[in-house]
Amino acid sequence: MSVTYIDAIREAQAKLLGEDERVFLYGQDIASFGGAFKATKGLAEAFPGRVFDSPISEDAMVGLAIGAAIEGMRPIVEMQFADFSSIAFNQIVNQAATHYYRTGVPIPITVRLPSGGTPGSGPFHSQSMEGIYAQYPGLIVLTPATVSDAYHMLIDGVALDDPVLYCEHKFLYRWLKAKSINGEHLPIGQARITRPGKHATVVAYSAMVHEAVRAADRLLEESGWEIEVVDLRSVKPLDMDTVLASVARTGRLLALGEAFPWGGVTAEVVSRVTEEGFHLLDAPPQRLNARDTPVPYHPKLWAAHRPTPESICDALRRLLSF
Amino acid sequence: MLRSRILENKLSSLYKAGKIVGGVYLGKGQEAVSASLGTALNPETDVFSALIRDQAGRIAFGEPLLDCTRSYLGSVEGPMRGRDGNIHRGRPKEGMPAMISHLGSQVSLVTGMLFAKRLKDPTSRAVGATCVGDGATSTGSFHEGLNVAAVEKLPLVVVVANNQFAYSTPNYRQFACGDLVERARGYGVGGFSVDGTDLIACATVMREAVRRARSGDGPQMVVAQVLRLSGHGEHDDGSYVPEDLRSGHYGRDCIEVAIRQLTDRGIVTVDEIMAWQEQNAEEVQRAVAQAQQEQAPDPYQEDWSALSTRFPLCQSGNQPIAQ
Amino acid sequence: MLRSRILENKLSSLYKAGKIVGGVYLGKGQEAVSASLGTALNPETDVFSALIRDQAGRIAFGEPLLDCTRSYLGSVEGPMRGRDGNIHRGRPKEGMPAMISHLGSQVSLVTGMLFAKRLKDPTSRAVGATCVGDGATSTGSFHEGLNVAAVEKLPLVVVVANNQFAYSTPNYRQFACGDLVERARGYGVGGFSVDGTDLIACATVMREAVRRARSGDGPQMVVAQVLRLSGHGEHDDGSYVPEDLRSGHYGRDCIEVAIRQLTDRGIVTVDEIMAWQEQNAEEVQRAVAQAQQEQAPDPYQEDWSALSTRFPLCQSGNQPIAQ
Amino acid sequence: MSVTYIDAIREAQAKLLGEDERVFLYGQDIASFGGAFKATKGLAEAFPGRVFDSPISEDAMVGLAIGAAIEGMRPIVEMQFADFSSIAFNQIVNQAATHYYRTGVPIPITVRLPSGGTPGSGPFHSQSMEGIYAQYPGLIVLTPATVSDAYHMLIDGVALDDPVLYCEHKFLYRWLKAKSINGEHLPIGQARITRPGKHATVVAYSAMVHEAVRAADRLLEESGWEIEVVDLRSVKPLDMDTVLASVARTGRLLALGEAFPWGGVTAEVVSRVTEEGFHLLDAPPQRLNARDTPVPYHPKLWAAHRPTPESICDALRRLLSF
């Protein structure tokens, strides 16, 4: 028996619905159909009157969730794809994100964003928006990379009183499996050393953690370099203690992400490390992101658009050569 | 509505005297619409998401005068503590959400409050109301919100105060149907038209719309024809409103109309109105004076956090204030 | 529409054989609606912004078969050069904008094309058309776009192909009015209802809607009742569509209906249809074969730039491809 | 006679309307009313049939402009406030920004974003969104700081074939004056040394250029430090040559912005400098941004929310103390 990443997301929602009557699910095609990716399969039947199909109205979906949160509920909104949250952008960044600061009333909503690229998905079903939302004050942005984190961080995220963007990676949905969901359970706001090493640190999150580990394995085999991989787990808040401690050990930093290359998570990580840990660095910190074009449709272009174990190895070799 | 007018006149003079920073947005001429909506609701159970020109409705729904003066004058004691101001105020936990500026956005928010109330108590008879302008009906957010409320058959009352202009933009540059009430059918919601300068007509229609919503007929849309008797904000003289409109039927002052209606019918006497006026003027004066003597927010005391959650492992990244 | 059906059947088998990556989205059962819209337009002057289920309309409007097969099969020769695929294709400069996925977004885009055509030539009689589904009518973008077109009185034809479902979501979870055509009046635009399984009815209504738009009557909205005879995409079996709907009136195959209509009236013979079928099958086969033998895009040759402008002073920031 | 920043914006639009028949203006209240800030005052009368009032429909405003651009026009869309562009977010980042890459047809639209804070404007009339838009491939983001740049960059921006976000700062509208608009005319994509110095570099843009100069003046007077101020002028593209050359001279970098502190322009600048010019740095590069809360309404809070000459001096003193 094994559990996939998407199983974990479904199980977390089942547990939440079962244990907290304030939780309900709202989104397109999530009730009897079980969602475009089946993340809510069976939940409408198991929890009657708690799982609702919405019209194609992302702005209103989030607006409704915010209103319900004011009334004490803990709605989970499923975007069919993260990319469509651009329609709900205003409700997320202006209504939900500002509400606590303005009124003192927090907004415990969780918006699930099926994120990241898969082959053939093209420019509008592949985006990684964590770096966009993290720019706004008042939002918490989670980016689980493991089956166990997918489970625990969804549960812990819903328990937070503030608005949470839960960025789940579509590529991991069925590809990533674990024996059980009872992995190590860290609190939100704490990063994880996924793979210890001593020659360089790769700071990654979500699907890129796995690509980083692959690259690290390859470099170890090829040339004996021991690469440490840090999984941020949440990009806002950012656990700089763990990141800086790792850079203190290795002296070298590669910030790795799947989003577009201007700004975003990797820029924030590099900036924070250089501001706060400049003296720890033995070489210029590097970034590796997707290319500065929309995510291409064709699998051959897609594979060259995002970082791969090959391009990560290249970047690490450059980093290690300083 | 009388109190609202007195308060707004006061806000206008404070603005012109430079005592209010930002803007002042008045509901002059729209008091009958707003107040009769506020009156038709039950402040104990219902929701009223006031918009730009709803001072009268706020008062009718029970918002304390001090909430207004403190927000405008930036007192740290107000519900927004200086973090937001003027019309962007509210007490969400008391059925008064605080509007964001983005027009149309409150429709789905009120819908969500009603959705939650029904989930928590299927026998809930709470109604939720919000006002929008003619301009706000062009927003996608208005459309999505009203449609969702209709699909869910929630007890939402949306009042469109069609004051013929959105800032300077006249109706014919905003929509192409004859009357916005023609939209109701397309959403599958109830529709009402009313002369917004006629208090008794407004009171009747609002009561009926709220009654229908409360009794399970789903969302109701009321379109009131009015004219604002001020600029868009107090910085604006509204000179784009043509003279014939100002001097026409909707240019009449709903408060004068209401006074005539009430005195003609013998419901109140002119003396009583004079007495109210005086009493309200005093209350307004007190609310202004109190807000003015209260502290402004202090950046050194301010809790600069947009989250209610604290993450002990993560620093805030916020810089200290320069000395 | 016959050609469309043959092409789509082929795409479906290619998908099932694993030759197409991503998704395949078919218009089976909606060909009469789409083709009669495409036919009612003038490809020389008009705009047709096809949506998900408009293969038949694309063909009728003149899109080459190869555009379809190349986009689905990822040939670098196609109009999207492998950068985008499947239904997200077009030739914007030839009156065929390429849809983005976000539903409703094309309405204002076509509106803008018409706005520009009129600015450039006030005597322009070009019409612009786009299709949306029942689900897309719930988007704010649809609302804003149609309203702007109505205010500008532009020659826009919006066809709502109401196939009773948006993915798995039935009409009653999408809107609360009886028939979406009831929305037309609220926008101040013309409204038509039509049985989308009846080719002759569709052709008549589309021609009339396009004629009215062209003659200056402003936007026209056509609501066609249909059922899709496939899943949402070829990954989906559409099992959520209840049996009684499938076996009901709208479950009939518009192509069979059309063949019966045309042969009954003696417009074509069964033999002629068989011949078309064969000819089309051959053409489809050729278009598939050609696209299949063409090159895929090469990441090393790819110009990785999202801007047409080059800034000599600023590096791209793009990393080289790992070897 | 003097010209203000907003005069320059109006004059640029007048010139564009006069010289290029493909240009038209579209926005709320911009025709006979002349716009909320009067940036189009008199233009509807001077250019009949070229300046249009739109409904309150930001999504459709930008969608319309994109369609018109496909047909060969060069629309300029005025957002009443940058903050309301959140409603047009999808059309900007998904329709306009991807169009050239996907179809080969560029979209020469210019969206004017009245940006930045002013006292009493509050959370929804004060935002600086340049760092949000710059994250997306396919957009050009201009941030003029001077009267002359306001004029020339609007004209040059409209001449570009790609979508331009023109971020004009509301605080500068009437406060910033010049003798004439015939200042130095640099191409888009080139930064400017606003104030030469040798002890540290402040990289800024838009209104913060002026705050940086004030801080620099103060430090010179107080303690003789000579601070160089670089005005980025455009945040995407980023002229790293000018920035790196300045850091090469000074060895010290403060990246300064008025936007929220997570990610954004300052993080991109710091990251690029450390990646490409690590060896030039004598001290950890620093950032100074607004605080991580919505922009507060009250002038006292507002003044403590954004960087001020005082807080910039503090940051510089810290930087110089390393």
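By letter and in written order, the chains are A, B, C and D; residue numbering begins at 1 in each of them.
Simple rule for what comes next: a contact is a pair of C-beta atoms (placed from the backbone, for glycine too) under 8 Å apart; a residue touches a chain by one contact, two chains touch by 3 or more.
By chain, with names taken from UniProt: A, D = Alpha-ketoacid dehydrogenase subunit beta.
Predicted model, so just to flag it, every value in this text is computed and none were measured.
Taking the CA centroid of chain C as reference, the farthest chain centroid is that of B. Centre-to-centre, using mean CA coordinates, chain A is 34 Å away from chain C.
Note on chain placement: the centre of chain A and the centre of chain B lie 39 Å apart, centres being C-alpha means. Taking each chain's centre as the average of its CA atoms, chain A and chain D sit 30 Å apart. With centres defined as mean CA coordinates, chain C is found 43 Å away from chain B.
In chain C, the residues touching two or more other chains are 80, 83-84, 88, 100-102, 138-141, 144, 147-148, 151, 173-175, 305-306, 317. Chain contacts: chain D has residues 54-55, 57, 59, 83, 86-87, 90, 94, 97-98, 101-102, 123-124, 137-138, 262, 291-294 touching two or more partner chains. Shown here, the protein chains touch in all possible pairs. Interface of chain C with chain B (complex): residues 138-144, 147-148, 150-151, 153, 172-178, 180, 182-189, 218.
Per the touch definition, chain C reaches chain A in the complex via residues 21-23, 74, 80, 82-86, 88, 100-104, 135-136, 138-141, 166-169, 173-175, 240, 296-299, 302, 304-306, 316-319, 321-323.
The touching residues of chain A, counted against chain B in their complex, run 24, 49, 54-55, 57-73, 75, 90-91, 94-95, 97-106, 137-138, 140, 160-162, 187-190, 237-241, 272. Note for the complex: chain D touches chain A at residues 83, 86-87, 89-90, 93-94, 97-98, 101-102, 123-124, 131-132, 134-138, 236, 259-260, 262-268, 270-271, 274-276, 278-279, 281, 283-287, 291-294. Only residues 28-29, 32-33, 36, 53-57, 59, 81, 83-84, 86-87, 119-125, 261-262, 288, 291-294, 296-301, 303-305, 308, 310-311, 313-315 of chain A touch chain C when the two sit together in their complex.
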